[in-house]
Amino acid sequence: MHADADRETGRLEAFSDGVFAIAITLLVLELRVPSGHGSLWRSLTHEWPQFAAYLTSFLIIGIMWVNHHSMFREIVRTDRPLLFLNLFLLLWTALLPYPTELIADYLRAGGTDAHTAAAVYSLNLTLAAVAFSALWTRAVRRNLLGTPLPPDAQWRSIGRFSVGTLIYAATIGLSFLSAPVTLAVQFVIALYYAFEQVIGR
Amino acid sequence: MHADADRETGRLEAFSDGVFAIAITLLVLELRVPSGHGSLWRSLTHEWPQFAAYLTSFLIIGIMWVNHHSMFREIVRTDRPLLFLNLFLLLWTALLPYPTELIADYLRAGGTDAHTAAAVYSLNLTLAAVAFSALWTRAVRRNLLGTPLPPDAQWRSIGRFSVGTLIYAATIGLSFLSAPVTLAVQFVIALYYAFEQVIGR
Amino acid sequence: MHADADRETGRLEAFSDGVFAIAITLLVLELRVPSGHGSLWRSLTHEWPQFAAYLTSFLIIGIMWVNHHSMFREIVRTDRPLLFLNLFLLLWTALLPYPTELIADYLRAGGTDAHTAAAVYSLNLTLAAVAFSALWTRAVRRNLLGTPLPPDAQWRSIGRFSVGTLIYAATIGLSFLSAPVTLAVQFVIALYYAFEQVIGR
Amino acid sequence: MHADADRETGRLEAFSDGVFAIAITLLVLELRVPSGHGSLWRSLTHEWPQFAAYLTSFLIIGIMWVNHHSMFREIVRTDRPLLFLNLFLLLWTALLPYPTELIADYLRAGGTDAHTAAAVYSLNLTLAAVAFSALWTRAVRRNLLGTPLPPDAQWRSIGRFSVGTLIYAATIGLSFLSAPVTLAVQFVIALYYAFEQVIGR
């Protein structure tokens, strides 16, 4: 039965790993080589927003992968809705290079355009958090885990995901105050998730 | 023997998952960041066709993956023709980002060019449906399944694929009436396949 | 021991599958959407060389994957030279999108430039054939197969690879006569390999 | 327990293989097809730096993969810090196509810009070496290996990684003397690692 369970989630994990790995690696294609007016060193430092956005998105996708990994150490069965909730999560993961390029291009512009770019970036992350939350809630409530969580641990972990989602939603608001601060906050949130287990077992 | 079967279809599934995962993630590279004339928000909303095309193709490739996944839970043996029918399916999957960009670019143009772009998009999907149908027919008829389907279930599932192919073929005709309606119909067909099992077991 | 063998070649196969899957899917990025002067339909038919080159390279990489797959059903042990011969093969696989773009761009130019593009394309394929041949020779001679081949089958299969390499080398010469004929011949050779097993067991 | 260990490092290896395979294959996207002024052959030979940079980076990522592979034949357990050290390694792997394009574009420029490009390239490789070193040190010291190394072999292998890191750090200095020599030295270092086992068991 364990082998069956492995087979059942195996291809989902392989496909998801593929999307995570490709999205994280495609980020590099958004980085532009300076076209050679003035000193290269100055051009590179002048283009710090693209490196900051690259690093933040790399960290975020990396942590999403780690947490997906932790989640699917618990989940051993899938059903069709779970497959589609996972696809919904992969949608926001695969799309992330686009708002990353948007924020890299508009961060220094200031004004409304920088705010719009930061809000789109934050919206993308919020929807990814919603997807994670929905995925975990379904797995927990529909008994798709290898070892069922005790009820209080169920609610604790679902609650933790909901708080995460609310924090991401709050960064959409923050975007209209300052785009660079929003990017910095996203980096810090990702660092927090790097050290904190999302699943309370 | 089961381990052998796993090994036999294992690399085919891994390779296919790779192509599905890469094609679905490469779609993001077709999205263009507005070049900064006028408000970013207005530019983004003005470019809704590229987001509509992205979302539709993402859903389609995702569902193709889910159905490929379902199919290879049944298929446990491969032969050389099956490998090439699978390659034929992957050809139309890997190519999809191209008509996606085509329809994104020409959707608003109206007239003949929008129709051409929608027809190319629909043709690509029709050929993918033909490939799926051929793959399944061979597997069913050549006894490559783990548990043979009873004859009536065989014909029911082959029939279901053929209907799918005919519907896709009909969208080629629809393309010459309206490109936006064609894209919307493709999205709805994909949603239908998301909820409906293609293999009647 | 069989599990160890699986583990030994397992990551090599996974990595190779990854490169094959990515290279075959990246080909689509070389296809250019016409920029909208004149009718889209005419532009698309006018750009047939890029579709011909895409299809040929897709078929070639697909068949290389199938043959790599067949080869590693026989090979169950690896050593460091085999890893590097495999890397040498992957080099020419991963590079193929570049000469594909080259031949797509220069096929119609005619004259020396079309010949150069076709020769570079053929050279790339020749080096891939050399790599395949070297990989198989090492595996056969160093006893890395699960079931050793009888001596005559060894020489027969090594001979078959050598003939393949010579044929590819001949296409380099052919390139200087006609670029379109060279591309057509590459397509035919790939079709031949699709139907013909390279490993004579 | 062995199966558990496999499962534990399995997805880390799959994800890492994905990133290695994608990064090595994406390198081809940095190669530019000459735009057709003058003879194609002359243009291609004139653009040797992009082919030299491609080949060097391909070899480097390939060897990083081989060594990662060797390392995870020893490592059978993971912990959260190891996951993040691995992510830190993948960051520099996934980023490599960017400095590769940088050095390809600026190699012939000479003067400060070529030196800057070479230094950025060398810095990237140095940080990858630091990541490898940290990963191995943690695995060895925290008992994450299948068979613990005897203390002297531990120090020998950690020492070997440190020497590698120092050599890469030295190439940052070398970059300010000559960019082409730096690229050649990187190629030679990669070749050395191709023949030399990094883990002294």
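Order of writing sets the labels: A, B, C and D. Residues in every chain begin at 1.
The criterion applied here is as follows: a residue touches a chain if its C-beta (ideal position, glycine included) is under 8 Å from a C-beta of that chain, and two chains touch if they have at least 3 such contacts.
This structure is a prediction, so every number in the text was calculated from the model and none was measured.
Path length between subunit A and subunit C in the touching-chain graph (shortest route): 2.
In a homomeric contact, the two copies may use the same or different surfaces; for subunit C and subunit D, under half of the interface residue numbers are shared, pointing to different surfaces.
Subunit A and subunit D have CA centres that are 26 Å apart. The centroid of the Cα atoms in subunit B and the matching centroid in subunit D are 36 Å apart.
Of all residues in subunit A, those that touch two or more other chains are 14, 18, 22, 26, 29. The touching residues of subunit C, counted against subunit D in their complex, run 7, 11-12, 14-15, 18-19, 22-23, 26, 29, 80, 83-84, 87, 90-91, 94-95, 97-98, 101-102, 105-106, 109, 112-113, 116-117, 120.
Subunit B contributes residues 6, 13-14, 17-18, 20-22, 24-29, 31, 33, 36, 39-41, 44, 54-55, 58-59, 62, 65-66, 69, 194-195, 197 to its touches with subunit A in the complex.
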